[in-house]
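Following are the structures in question.
Look for subunit A in each of the two complexes below; its partner is subunit B in the first and subunit C in the second.
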Partner chain A sequence: MTGWWDDYLWAALTVAKVFVCSLVFMVVFGLSGAAAKLSSSKPAQAVANAYTVFFRGTPEILVVLLLYFGSAVTLTAVGRLFDPSIRFLDIPPFWAGTIAIALVVGAYATETFRGAFLGVSPGSIEAARALGMSGLQTFVYIRIPEMWRLALPPFGNHMLSLVKDTALISIIGLEEMLFVAKQATSTTGKPFTMYIVVGLIYLAFSTLVTGLTMALEHHANRHLRAPT
Partner chain B sequence: MKVEIALDALPRMLAGIGLTFQLLLLALGIGTALAVLLLLMRISGRWWLSLPAQAYCYVFRGTPILVQIFIIYYGLPQFEWLRESVLWVVLRDPFGCAVLALALNVGAYVTEILRGGVLSVERGLLEAGAALGMSSTHRFVYITAPLAVRIALPAYGNEIISLLKSTALASTITLADMTGIARTVVAETFAPYEVFISLALVYVSLAWLIQRSMHRVEARIGRYATRRAG
Partner chain C sequence: MSTQTSPIIRLVSVGKRFGDFEALVDVDLEVRPGERIVICGPSGSGKSTLIRCINRMEKHTSGTIVVNGHELTDDLRDIDAVRREIGMVFQSFNLFPHMTVLRNLTIAQRLVRKTPKAEAEAVAMHFLERVRIPEQAAKYPAQLSGGQQQRVAIARALCMKPRIMLFDEPTSALDPEMISEVLEVMVDLAGDGMTMVCVTHEMGFARSVADRVIFMDRGRLVEQADPETFFTRPQNERTALFLRQILRH
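== the complex of A and B ==
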């Protein structure tokens, strides 16, 4: 293991970056999907339904490959219009992969958020109206906090899925932990040691995210506990 | 987008559907058997049985399947004694490694699903069983198990769909399942949209098919709970 610690550390940082960026995209996709499904517009509903059906039924690895190679083909074609000598253009694997896993998990989050918004009690909304709150105020101060509490437990699982899906980005060439393990194996000849370290780092990540979810749930349910 | 490329690629990719199904069914069968064993360990009430089962689920649910596949396929041959043991028959073959990794995973997830079902069985029913003089084994077989299975079934169906999606990871260790073939076709034609999207639609249809059949099974198992017409 000596000599490889710093490589693993940098790779773990890359994974953390992918996780944070994909988390932001995942929430955006999930909220937009839920908004579309709950809207009264038929086309918006149809698009959101197609989105969830497609991405919940397709293997994550296929989505990663599709986004990376698809964007490369499109970019190269566009690039050639301006400069015919261009051979190959791609978006960085980091971003292709981040958006790919966010799209997949966002499809699951769409259903979570939709259900949670439907779970907001009508009485709260009516009370807000009676107090003279505007639609936006009701959304920000009533709907979001109430929905958030309901969505948290499945949302924690979605975050765990994101952590684990980051491993897939190695197949389009992102230099993360599996990449380091492969390199380390070729010089040390100890594949088990090198890959088990990756597993342990992922386990640490998952534990951290689980702990974070529990803390968030504890915080979100604080009004239900007896005052001390 | 050229439809011809997709039409050319589809039959080639579908040639791998057999391998996808083999991975799915073998991993599901072995994994479910493993899950039942782990479940019994977890609800045994003996800490030296339930603790290892809990640790197992924690480790396998907390790490990516891809990493597990690599540990098994690339990692295990590091050990000399393993290469000389009987297990090597399974482990030297990428197919065996993929089935093993997927089955170990399914085992961990299905254990949790089954446990949820067992925990939801009403206490009163078990007390009634005890009052009738049923032994704990009898109570488990005739009261807990049938009710738990019915409750766990929808989640189990979702797990089968997850597993279907995970079989695509076998393509990373040289197996020519549908995804593996698709990657070869894309390398030849460089038409990722046509090939990958048509394959994604195949997976989506398979997932839909699994969902439909699970609904059938659920309706069948829960038939006494639905009201008869007329």
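== the complex of A and C ==
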């Protein structure tokens, strides 16, 4: 085990970075998808439906591979138009992987956000409009906070999915924890030890995320508790 | 009320359709500043639709509505100008559940009127005192009784300093023991000369406060009169039937 700690630490840091970046993209994809599904525009609804059907119905590891190699093939072809000596161009595995898992989990988040928006009480929206608040003000100050409270429990699950999905990115060569464990196994010959360490680190991440979700839910539901 | 004052609300042969269904038919109504109108009628007769057209929560589909000199059209500036002059109180309170009582009262002042925070909070506390619950400022709506929530909702509307208050069955969702605390606040408001249009079946309130009582049925204003005439000598058979039904309770 000794001699590998710094590799694991580095890999864990990579996982944390992937998680944070994919979380941001996941929220953006989820909110856009929900907005499109709830809009009155038929083309927007069709695109959002295609998005959720495809990404919820395809194995995630395949999405990672398709996104990475698909973009690499395209980039290489385009690059060769300008410089025929180019042999291979790709998006860095970090970004290809981050976006791939954000797209997949974002498809689930689309449904979560859509449901939560529909759950916002029409009464508060009406009251805001009657008070003269604009559509945008109503959205930002009333709709989003109320939607958020409803979306939080499933959203916590989406965050856990992201944590676990980071492991998939080793397949396109990102040096995250599984990648390190594999290397360590081949030199030390101790696969179980090397993989159990990965397991424990993931467990620590998940625990952290679960704790965060609980704290957020506690805050979001503060108005339902008896006064102190 | 002097009949010379020009009306603050004027509806001229207003109609409202939802698809093929006519919710309002040929409604003419003038409300003078300071006047207090009570509207009653069976469920589905168009009472809510009528007052919701006055602040354009619903768009009327024919006729003309002029509020405080602004004609209600699709022009956004006119709608905003009109909504600033009108406070609305709903049957189900419609407080913002995720905000404290104080923030419920300051948010629109700050966003719509651009009032500075300290001033908005002072205004809020003033009106919370008017509705007699200043001690609840830090609580959330779900922590209050129905009667308290409705009083907060009234205070929230008053914070915008409206010239007109619309009430849509403000006591219908309340337990009987809480109805009077809300009605008292409304009586106070009437005493201050606020222009009020109230949909309510609280006939005691109508008798003591209203200048005019209107009976609606199937989207039409069937009858209007001062409370004394309305309750003792209703002209229309449907009004008389309706009064017999609700006064039996």
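Observations, loosely collected:
Here, the second predicted complex is superposed on the first by the 228 of 228 C-alpha atoms of A that agree within 3 Å, B and C clash if a C-alpha of one lies under 4 Å from a C-alpha of the other, contacts with A are read in each partner's own complex, and residues count from 1 in each chain.
By our rule, a contact is a pair of C-beta atoms (placed from the backbone, for glycine too) under 8 Å apart; a residue touches a chain by one contact, two chains touch by 3 or more.
Because the structure is predicted, anything quoted here is derived from the model rather than measured.
Of the two partner chains placed by superposition, only subunit C is touched by A:Leu224; subunit B is not. Once the two complexes are laid over each other on the shared chain, residue contacts for A:Gly211 go to neither subunit B nor subunit C. Comparing subunit B with subunit C, the partner in contact with more residues of subunit A is B. Once the two complexes are overlaid on the shared chain, A:Thr185 sits against subunit B while remaining clear of subunit C.
In the superposition on chain A, A:Gly135 contacts neither subunit B nor subunit C. In the superposition on chain A, A:Ala127 makes contact with subunit C only, not with subunit B. Once the two complexes are laid over each other on the shared chain, residue contacts for A:Gly119 go to neither subunit B nor subunit C. By the touch criterion stated above, A:Pro92 is placed in contact with neither subunit B nor subunit C. Taken together, the two complexes place no residue of subunit A in contact with both subunit B and subunit C.
Those residues of subunit A that touch subunit C in the shared complex are 121, 123-124, 126-133, 137, 141-142, 145-146, 149, 220, 222-224, 226-227. Listed in rising order, the residues of subunit B touching subunit A in the complex are 58-59, 61-68, 70-71, 74-79, 161, 164-169, 171-172, 179, 182-183, 186, 190-193, 196-197, 199-200, 203-208. Contacts from subunit C toward subunit A in the complex involve residues 55, 57, 80, 83-84, 86-88, 90, 92-100, 107-108, 111-112, 138-143, 153, 156-157, 160.
Residue ranges on subunit A touching subunit B, taken from their complex, read 53-54, 56-63, 65-66, 69-70, 72-73, 160, 164-168, 170-171, 178, 181, 185, 189-196, 198-199, 202-203, 206-207.
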